[in-house]
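Each chain carries a letter (A, B, C and D) given by its place in the written order, and its residues are counted from 1.
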Amino acid sequence: MAAGTVLETVTAEEASRVIDAAAAKATEIGQPMDIAVVDAGGNLKAHVRMDGANIGSITIAINKAYTAIAFQCETGDLQELTRPEGPIYGLNDAHGGRLVVFPGGIPLVREGSIVGAIGVSTGTIEQDQEVAEAGVAAF
Amino acid sequence: MAAGTVLETVTAEEASRVIDAAAAKATEIGQPMDIAVVDAGGNLKAHVRMDGANIGSITIAINKAYTAIAFQCETGDLQELTRPEGPIYGLNDAHGGRLVVFPGGIPLVREGSIVGAIGVSTGTIEQDQEVAEAGVAAF
Amino acid sequence: MAAGTVLETVTAEEASRVIDAAAAKATEIGQPMDIAVVDAGGNLKAHVRMDGANIGSITIAINKAYTAIAFQCETGDLQELTRPEGPIYGLNDAHGGRLVVFPGGIPLVREGSIVGAIGVSTGTIEQDQEVAEAGVAAF
Amino acid sequence: MAAGTVLETVTAEEASRVIDAAAAKATEIGQPMDIAVVDAGGNLKAHVRMDGANIGSITIAINKAYTAIAFQCETGDLQELTRPEGPIYGLNDAHGGRLVVFPGGIPLVREGSIVGAIGVSTGTIEQDQEVAEAGVAAF
C-alpha cells in the first residue's frame, strides 16, 4: 500500500540495547523502573515496565522521552526554568499534559543529531537520571 | 511511600517472551509489526515497534491489547457485533477512541484467569492475528 | 541546552514549496483549502489556511498528513478497507480521533523513504486529492 | 453547502507577511523558531517550523497565539498574574493545557480591533518576544 517506508532514526535493536542497559542499572540499584525509548519524531519505539515499577510511570517515562525530543534537551534542564519564579513557569501546563520538567529524560545523540530519547520513571529523580544515563551510555 | 506493591499479573519476563515469539513470527512472514503487551489492568507492560512498522500502529497495537482486557475477549470477536447491523454497533465510538474491533488483540490466560493481553498491528488483520497467536503460544 | 539538533526530514523550504504548489492548484480550481505538511515523525512542519477555507479543516488537513505518515500510505487507500463491511472497519475510531480515511493525504517520498506528508481539506475529496497531488509533484 | 463564508479576520497574505518578517528576525539573531498565526477566533491561520526549531514548540507557539486571542493581551502580561503569589494563580491549569503564560504571544490589532495573533517559541522568552514583535511590526 505504501510508496516507501518511514525513515527509521533509532532502530529496534538500538532501543532494545538501551533499555537492557538501563534495566540492568535499575536492577543493580534495586529500583524497578518504567523505561521508554522514542524516535526522533517523539513516537514510541520500545517500552518496558519492570516488575514492581509504577503504573503511573508508564506515561511519565514515555513523556520524559517525548519531552527530551520536543525541546532537544534533558528533562532535568527544564527544572529550574519552569519553577514558580523561573522565566518559563507554566511550560508544563501549556502542552496538553505531555511535558515532564524534572530529571529522567535524555536525548540519544548520533554524530550531532538527536535521533531518539530515553525516559525513565518510578524512582527518585536521582535514580531515574542514573538509570537513564546508563541507557544512554549503551547507545 | 507505599506499604506494598501493586499486584503483578503478567511479568516483564513473560511479556518479553511473548513479544519475542511474536516478533519471530513477524520476521518469518516478512511483515514488521508493532507489538504490545498489557497487564490485567489494561496498563502497558511492554512494547516494541519493529523497524518498518507503522507509527500509527503504536496506538492501535496498545489499544488492541487494552480492548482484549477491557472486554475479556479477542478483538476479532467484536468485529461482527459492532458492524452497522450488529447488536452493539457504535461500541467503538463509546470509549474515547481506545477500542479496536478487528483482529490482532488476544487475552493471555493462566489457569482460567486473564492476566494480560497482546496486541499486534501494521499488517493485514490475518497477519496481525497470526503474529498475536504466535505470541500467545509462547506464554 | 541541547546536545544536538533533532534530525530534519522534510525541510521548511521544501514544505513551503509543496504548500505553494498546492495553493496554486487550489486557486486554479477556485476552491480555497487548508494545506498542512508534517515531517516523518508526523509533527507539523507548516500549515496554511487559505482565505475562505474551513476552520474545521485545519485539523482534518493536519490529521490527513499525520495519517499518511502513520500508516505509510495515501489516506484514500484506507477508504474501502474501513467501510462498514471492510476488514478494518473501526480503524478511524481506534486512535483518539486523529485518523482520516478518505482522500487528501499523501506521503512525500525521497529515494524510497517517506520523509513527510501533505494533507489537504475543505473541498470535495476529488479536489482535496488533486490539490495534494499538485503539492507532491512540486516536492 | 453553505450560504456564505466565515468572516475572515487576518488574511492568508497578512499571515504570510507576519511570519516572513518574524522568520527574518529569527534568522538575524540565529535562533530558529516555531511561528504561528491565528485568526480572531483563535483558529490556526498559518504556521512554520523553521529548520532546527523545537518539535515541542509547535504546540507552544500555536497556544501562545491562541492565548493572546483568548485573553486579549500579550502572553507576557499573564506571567506575574499567574505566579504562585499572583491573583490568578492556576489560570494555566484551567483550560485543558492550551494556555501559555510567558512572553512570545502578541495580538495583531487593526484600527483598535484584535483580528489575530502571533505566537513564537523555541528560543529564550526574550528572543521569542523579539521575534514576535518583528512579526507584529510587519502587520
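Please note the rule applied: a residue touches a chain if its C-beta (ideal position, glycine included) is under 8 Å from a C-beta of that chain, and two chains touch if they have at least 3 such contacts.
Keep in mind that this is a model prediction, so the values were computed, not measured.
Trainee: Which chains does chain A share as contact partners with chain D?
Mentor: Chains that touch both chain A and chain D, as defined above, are C.
Trainee: Write down the chain pair in A-B, B-C or A-C that repeats the interface of A-D; the criterion is over half of the contact pairs matching by residue number.
Mentor: More than half of its contact pairs match A-D, so it is B-C.
Trainee: Compared with chain D, which chain's mean CA position is the farthest off?
Mentor: B
Trainee: Report same or different for the chain A and chain B interface, where same means the shared residue numbers exceed half of all residue numbers found there.
Mentor: Over half shared, hence same.
Trainee: When the centre of a chain is set as the mean of its C-alpha atoms, what distance in Å lies between chain B and chain C?
Mentor: Here the centre of chain C sits 29 Å away from the centre of chain B.
Trainee: Suppose each chain is reduced to the average of its Cα coordinates; what separation in Å results between chain C and chain D?
Mentor: 24
Trainee: Among the residues of chain A, pick out those that touch two or more other chains and give their numbers.
Mentor: 5-6, 41-43, 69, 71-72, in rising order.
Trainee: Considering only which chains touch which, how would you classify the arrangement: line, ring, star, complete or other?
Mentor: If you draw each chain as a dot and join those that touch, the picture is no line, ring, star or complete graph.
Trainee: State which pairs of chains touch, listing all of them.
Mentor: Result for touching pairs of chains: A-B, A-C, A-D, B-C, C-D.
Trainee: Taking the complex as given, what residues does chain A use to touch chain C?
Mentor: Chain A reaches chain C through residues 1-7, 9, 39-43, 69, 71-73, 77, 107, 109, 112-115.
Trainee: Quick check on the complex: what are the chain D residues that touch chain C?
Mentor: 5-6, 8, 11-13, 15-16, 41, 43-52, 54-55, 58
Trainee: Show me the residue ranges of chain D that touch chain A in the complex, using the header's touch definition.
Mentor: Touch list, chain D to chain A: 54-57, 59-60, 63, 79, 82-84, 92-93, 96-102, 124-125.
Trainee: Okay, in this complex, where on chain C does chain B touch?
Mentor: Against chain B, chain C makes touches at 41-42, 67, 69-72, 84-85, 87-91, 93-97, 99.
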